[in-house]
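Per-chain residue numbering starts at 1, and chain names A, B, C, D, E and F are given in the order in which the chains are listed.
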Amino acid sequence: MTIHERSWPSDGLTRIPYWIYSDRDLYAEEQARIFRGDTWTFLCLEAEVPRPNTFRIANLGDMPVVVTRDKDGVIHAFENRCAHRGSLLCLKQRGEAKEIVCVYHNWTYDLSGNLTGIAFRRGVGGKGGMPADCKPDQHAPRQLRVETFAGLVFGTLGTGVPAVEQYLGPEIAAKIRRVMKGPVKLLGGYTQMLPGNWKLYIENVKDSYHASLLHMFFTTFRLNRLSQKGGLVVSEDGGNHISYSMTADVAGKEYEQAGLRTAHSGYSLEAPELLQSVDEFGDGIGLQILSVFPGFVLQQIRNCLAVRRVVPQGLDRTELAWTSFGFADDDEKMTELRLRQSNLIGPSGLISMEDGAATGFVQRGIRGAGEEESVVEMGGSGTSSEESRVSEAAVRGFWKAYRRHMAI
Amino acid sequence: MNLERQLAVQDLNARYVDAIDEGRFEQWPDFFADDGHYRITTAENVEQGLPLSIIYATSRAMLRDRVRALREANVYEAQRYRHVLAPPRIEPAGEGSVRAQTSFMVARIMHTGETALFATGRYVDRVVLAGDAARFADKTVILDSRQIDTLLAIPL
Amino acid sequence: MTIHERSWPSDGLTRIPYWIYSDRDLYAEEQARIFRGDTWTFLCLEAEVPRPNTFRIANLGDMPVVVTRDKDGVIHAFENRCAHRGSLLCLKQRGEAKEIVCVYHNWTYDLSGNLTGIAFRRGVGGKGGMPADCKPDQHAPRQLRVETFAGLVFGTLGTGVPAVEQYLGPEIAAKIRRVMKGPVKLLGGYTQMLPGNWKLYIENVKDSYHASLLHMFFTTFRLNRLSQKGGLVVSEDGGNHISYSMTADVAGKEYEQAGLRTAHSGYSLEAPELLQSVDEFGDGIGLQILSVFPGFVLQQIRNCLAVRRVVPQGLDRTELAWTSFGFADDDEKMTELRLRQSNLIGPSGLISMEDGAATGFVQRGIRGAGEEESVVEMGGSGTSSEESRVSEAAVRGFWKAYRRHMAI
Amino acid sequence: MTIHERSWPSDGLTRIPYWIYSDRDLYAEEQARIFRGDTWTFLCLEAEVPRPNTFRIANLGDMPVVVTRDKDGVIHAFENRCAHRGSLLCLKQRGEAKEIVCVYHNWTYDLSGNLTGIAFRRGVGGKGGMPADCKPDQHAPRQLRVETFAGLVFGTLGTGVPAVEQYLGPEIAAKIRRVMKGPVKLLGGYTQMLPGNWKLYIENVKDSYHASLLHMFFTTFRLNRLSQKGGLVVSEDGGNHISYSMTADVAGKEYEQAGLRTAHSGYSLEAPELLQSVDEFGDGIGLQILSVFPGFVLQQIRNCLAVRRVVPQGLDRTELAWTSFGFADDDEKMTELRLRQSNLIGPSGLISMEDGAATGFVQRGIRGAGEEESVVEMGGSGTSSEESRVSEAAVRGFWKAYRRHMAI
Amino acid sequence: MNLERQLAVQDLNARYVDAIDEGRFEQWPDFFADDGHYRITTAENVEQGLPLSIIYATSRAMLRDRVRALREANVYEAQRYRHVLAPPRIEPAGEGSVRAQTSFMVARIMHTGETALFATGRYVDRVVLAGDAARFADKTVILDSRQIDTLLAIPL
Amino acid sequence: MNLERQLAVQDLNARYVDAIDEGRFEQWPDFFADDGHYRITTAENVEQGLPLSIIYATSRAMLRDRVRALREANVYEAQRYRHVLAPPRIEPAGEGSVRAQTSFMVARIMHTGETALFATGRYVDRVVLAGDAARFADKTVILDSRQIDTLLAIPL
């Protein structure tokens, strides 16, 4: 069914209808209205196009994109689709190039995405070729509007979207600057293919309630207990969020008292160096998870820093692309700390492996759910920032933004 | 090619993957030297000279912690692996140790019955041969693909 | 196309339009109208939840279900979907448990499917948590109505469906009781993934005409020749059926005379012990295939007993789950007989392996068939019981029931 | 969306909307209107049913077909679907048979596709069986109209299609006769599974512009430079085409001058015997690529001859079936020449491997292209034959025919 | 590890799977002792202690009957297997016989060209070494998955 | 079974597939004798007695041309293979050469991360053992399937 034929439950943001994760028509509409609409999508780190004449492929939803840094150092992004017959222009993940040549018929583009050459435009021996009135400058891949913020490259096809900093809102912008404190050094990356709809993963990220319950490792080592000082920030429009907690533990016993599965207080590490860390930001915040609508995540877990790109690959498949980084001025010891802590994240992450699977648990759980609805009432029905993370406010915030973009 | 060493490494590999495929995770750390290193990374990271790992352990104790987490902390559906390994290619690495490189394919089988080719790649190992006990001093699992389906809970 | 836009051929039940097996919209409507509608679905054997505090997962069509036996020994079934955000509740095939804890946020249920705990319902430090007016008793997975009959557990979400015994009809009920003669001993199981629409397998089961023609092993050893005494029973509503035959052979020569592919009278076994059997039911019936609408099969082939669950897994994929059993009072010799005879069934069954493939032969055969129709005229156009199994009466019966449920 | 809801861009054949490659409803309509409509589909070579009582399976779009040569040597083709319940009739790629017996219920057909036997038609012991008024001659798989032309077997379900020779048009017919100069000797075959919509491959074949640009091997060895003498022929209705070039090189330097990626003039073979060939047709034409709407390709590259069948296997999967051949009177040396030259074609073809991948480059490139359009202006906006191959006239011709059949 | 026995079992395994992969089914029973047992079951049945098999034969004669049925009675589309086996892990089992355990992956290739990872699991065998002729006294094929695609006609 | 020859062929196979899987294509021709033959075909063509190949080379020079084309002329996306081979079955073929037959499975891994079982089949080889250098005099790759996904650029 198309979005027009659907109607949202009466209880506002505290009830989410399950068809939202399993309607094939909806998927295509989300691509147009959200990912190719008035939203900013994180494309890559500036450090991923480190020098003039370098490029990297990325995505705007499931649309392929090329990000380039031209000879003058300016960053551009355009659809990875030749203006001639639609072939992918870049067939590699990343590389160096002075120009981009489509392999199919050798139409050539500069790194700003301008068509600079049409093979045999004038034919051969005066025969064939393009019409005399052909205007190459009218043929080019769709240009994205690009803005960089604190080392992050964002792109959009939208025409009605404000500047990135305004789109983020002041608190989110500040917390991004906090982490992106200096020139970045790439540490590496990998992707996870998640067996669920993209929205299930984004909800998981924004769901500060699950963190200490699904991830037992997390809780047991007091990396993040809901009883630790911290808070939840939701942007005005609902789409962006921060969840953070202080490292210092208030030594609560709520979990043990509540007899929760996740509280094995007996549990200790033989090799505690795994968790060794330094307060590099000087504010005692040990964990900060930040997301920007629709699909960007910036993560600080102790000294383990990473960006995550959420790329829909169909109704029930989602690519989660991780890029881990440190800073140019890290010494060997600092890099080793980050690398050791990266045992906590990714597909084998001691505190993250469950998230990928959780999207699948829900996608399979709702297979027969049809018109049923999920319950999102933790912390009430609002979407405002609060001190407590025992709340689904950021999840409700996501749906607030989603409904606005989808006009439902 | 020293046949005896060849077979010693091949036997170590066989016992190693059997322990994993049969779910005897507690035995897994014992295939490593006390200060043995273990990491899983991707060919892409290696080719770019980037140090990030998917799993990174610098001692047998860290491997034991990983097993403990798998048993007591982490949540994942019942699943098993089936490894098939090529014969190792070995070369001496001085004083009673050899470098070994071994291609592998791993299928993952879920409790639901779903079977998939989960991972391919190569082991790049340093093996210490102390008497009749061969152990990994250093084992690097280099995945051919940058992409993992859902999660990688059980070690490779 | 939705069912409303479709119309059934004029020739009643003797013509089946091929779009019925290949229309994607229809698949979803069948799930709602049939599997989640007024029908009884076989979930498992009572013996599969043998003790208090045991559970097993099952399906209602493609909807995941949990079957439990509570601390008092009462059997329950409910949707395998958490009332909070929709995660699967049970992640294992079977097990023991005093309560069911959702891994995502630790909402807790008793084995009757009642919500007994909401993690941090009252928040932490007086902050967060569920609204004061939250009523846990209003949040629970959908309960199935459950009835057990002769050791079989049935479930339904339907509101207008009669008791199981009435749903079965007297003859079917009697023939189920005949086989389920005592406390069951599980022998094991496996599943086949069939490359065809679920209805193609059910038709195959109800098609007493194919048995002796597709399965040459069957015929050659006179396990079941259409010339053997036997009969075909179709329930009043058409949905349920029995096909049976006596072991004693009337030594007909119809096959040889008809020169049928399946008649190799020269063929004999080197190891006849494969077929050694005893008349454990004392009525000379050597083969009884019984089916209940929409997807249950109970099989007796000599002493080889099994239940089969037909689980749609998409338009052209069907899971066939076999569970083989004997009785608690079987001695070793009897068990060995059953195990040896089980060479006849399952994915390698000497008389059943063809059935799985046949669904694929049709699914691929009709790929371009569009508005064409299949011919179901063996034994006329009726759906009533008859002595002859050279008939497609039970297949027509299936379509009679199907059309009623689908209102087409 | 169905074809009725779509509208074609205003610029006629110089703009192709990308939804044409990615609309699921369109796929089904193409099967009915084009492949099962008024078009001729190449089924196989006569040599593939070499003797009476031989058969081969083939396709009409994605509909399975059986091609037979009956006992009198007459070639027939019919849907590979049993008239009873729809099972595939032939389960093998090819073979010998006096009759065709459906494995499901043993209904039997002669090689002309007539139903000759219904198992137990009269029941057993006077019970069961087909109704007395059953007319077997009214039950048969759908017959295709079959015509052979120059050793090629064509079939259609269309009722309004002219004879094959007229369908081809005089020039195409002549060029087919040119290649099919005598009794064929089969050399072998294989298939490629292409990751793109079937139309992308057909466009690739008709696209004489890409040949020398995508395939660098081609150019470098002057097998086919657009500067070589040759031409492009498009049939009246647009659907059929020929692109050819003379072996003799006019030694142009256009590529080097244009500095095209494909011009490595330094490049030479260590083992030139790979390209050793003879002018077997005596007209100096070294390369002739010929296509017939919707999915047939006949190829002559030097002495490397092959037919290709383009079989849609879904919206974005296309099977490309190659059959390579020589002539009955080839001596060993000639056969060896053909076999060595076959290094140029197929999935590993030094001048063809790119074509398979190119369909995928476009399918992936247009994933987010929605309402965007491709540009087909090389050689202007017409579809007429011309001397220059620096032209997309044959591609436009394809769309001219496509639009007529699809009525868009 | 007794090298000679190791290689004898490895050779038996290799000849066994080649016979199957090349469709020489008539030779298949000859890899078993006269009273040899052969069964295929699933890891799930084994773990639950349930005795059901997918194929269960208690003599070479029953294997010959199975081959006869495959050739003359059963209907299935043309298909072939491709086995890849790990080296066997063996241990003595008294008087001229050894226990062997071998991991396998099997791909199934249909006449249509369709290729899929069809089965993974392990062989748990007892092998009798009489002179230079090694035979299976008992072969249990334990599939990792509970699920079979369409049918399992050709033995594993 | 002559152990030494067995291991010599096994080692040749291992080095051969490693060179391919690690992208050292330039070394590939050196595994063949000067006048070595190499071809890839399908079981279907072989069974029908049809001579067509997918790749057909009659000298090491032709293999070098193929590598040159892969490096300089042909367009294909970044990809790698992972071979897993069974132990070879060998038999003497007179004067310092042996016939060897080896089952293989090959996974293909694209730069995008996509991994698939790409090809299965067997090598039918004649190997010349000159001193300690073993080379292929003739290598025929017989694919089990008639169908190739997209393209077959890198040799098998």
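Here is the rule we use: contacts are C-beta pairs under 8 Å (C-beta built on N, C-alpha and C of every residue); 3 or more make two chains touch, one makes a residue touch a chain.
Because the structure is predicted, anything quoted here is derived from the model rather than measured.
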| item | value |
| --- | --- |
| Shortest chain-hopping distance from chain A out to chain F | 1 |
| Comparison of E-F and A-B (more C-beta pairs in contact) | A-B |
| Cα-centroid distance, chain B relative to chain D, in whole angstrom | 48 |
| Where chain A and chain D are represented by their mean Cα positions, the distance between them in whole Å | 44 |
| Chain centre separation (chain C, chain E; CA means) in Å | 31 |
| Sequence positions of chain A contacting 2 or more other chains | 91, 93, 103, 191, 193, 214, 354 |
| Chain F residues counted as touching two or more neighbouring chains | 44, 75, 77, 84-85, 105, 111-113, 117, 146-147 |
| Inter-chain touch pairs (all) | A-B, A-C, A-D, A-F, B-C, B-E, B-F, C-D, C-E, D-E, D-F, E-F |
| Complex contacts: residues of chain F adjacent to chain E | 1, 3, 43-44, 84-87, 89, 101, 103-105, 117, 119-122, 144-147 |
| Residues of chain D that touch chain C when the two form their complex | 31-32, 35-36, 60-64, 79-89, 91, 101, 103-106, 119-120, 123-125, 127-131, 134, 139, 142 |
| Contact set on chain D toward chain F in their complex | 93, 186-195, 214, 216-217, 220, 264, 267, 269-271, 273-274, 319, 324, 335, 339-340, 342-343, 346-348, 350, 353-354, 356-357, 360 |
| Chain D to chain A touching residues, read off their complex | 18, 203, 209-210, 213-214, 226-227, 252, 254, 258, 260-262, 354, 358, 361-362, 364-370, 372, 374-381, 386-391 |
| Touch list for chain F against partner chain D, complex | 40-42, 44-45, 48, 50-59, 61-62, 64-66, 68-69, 72-77, 146-153 |
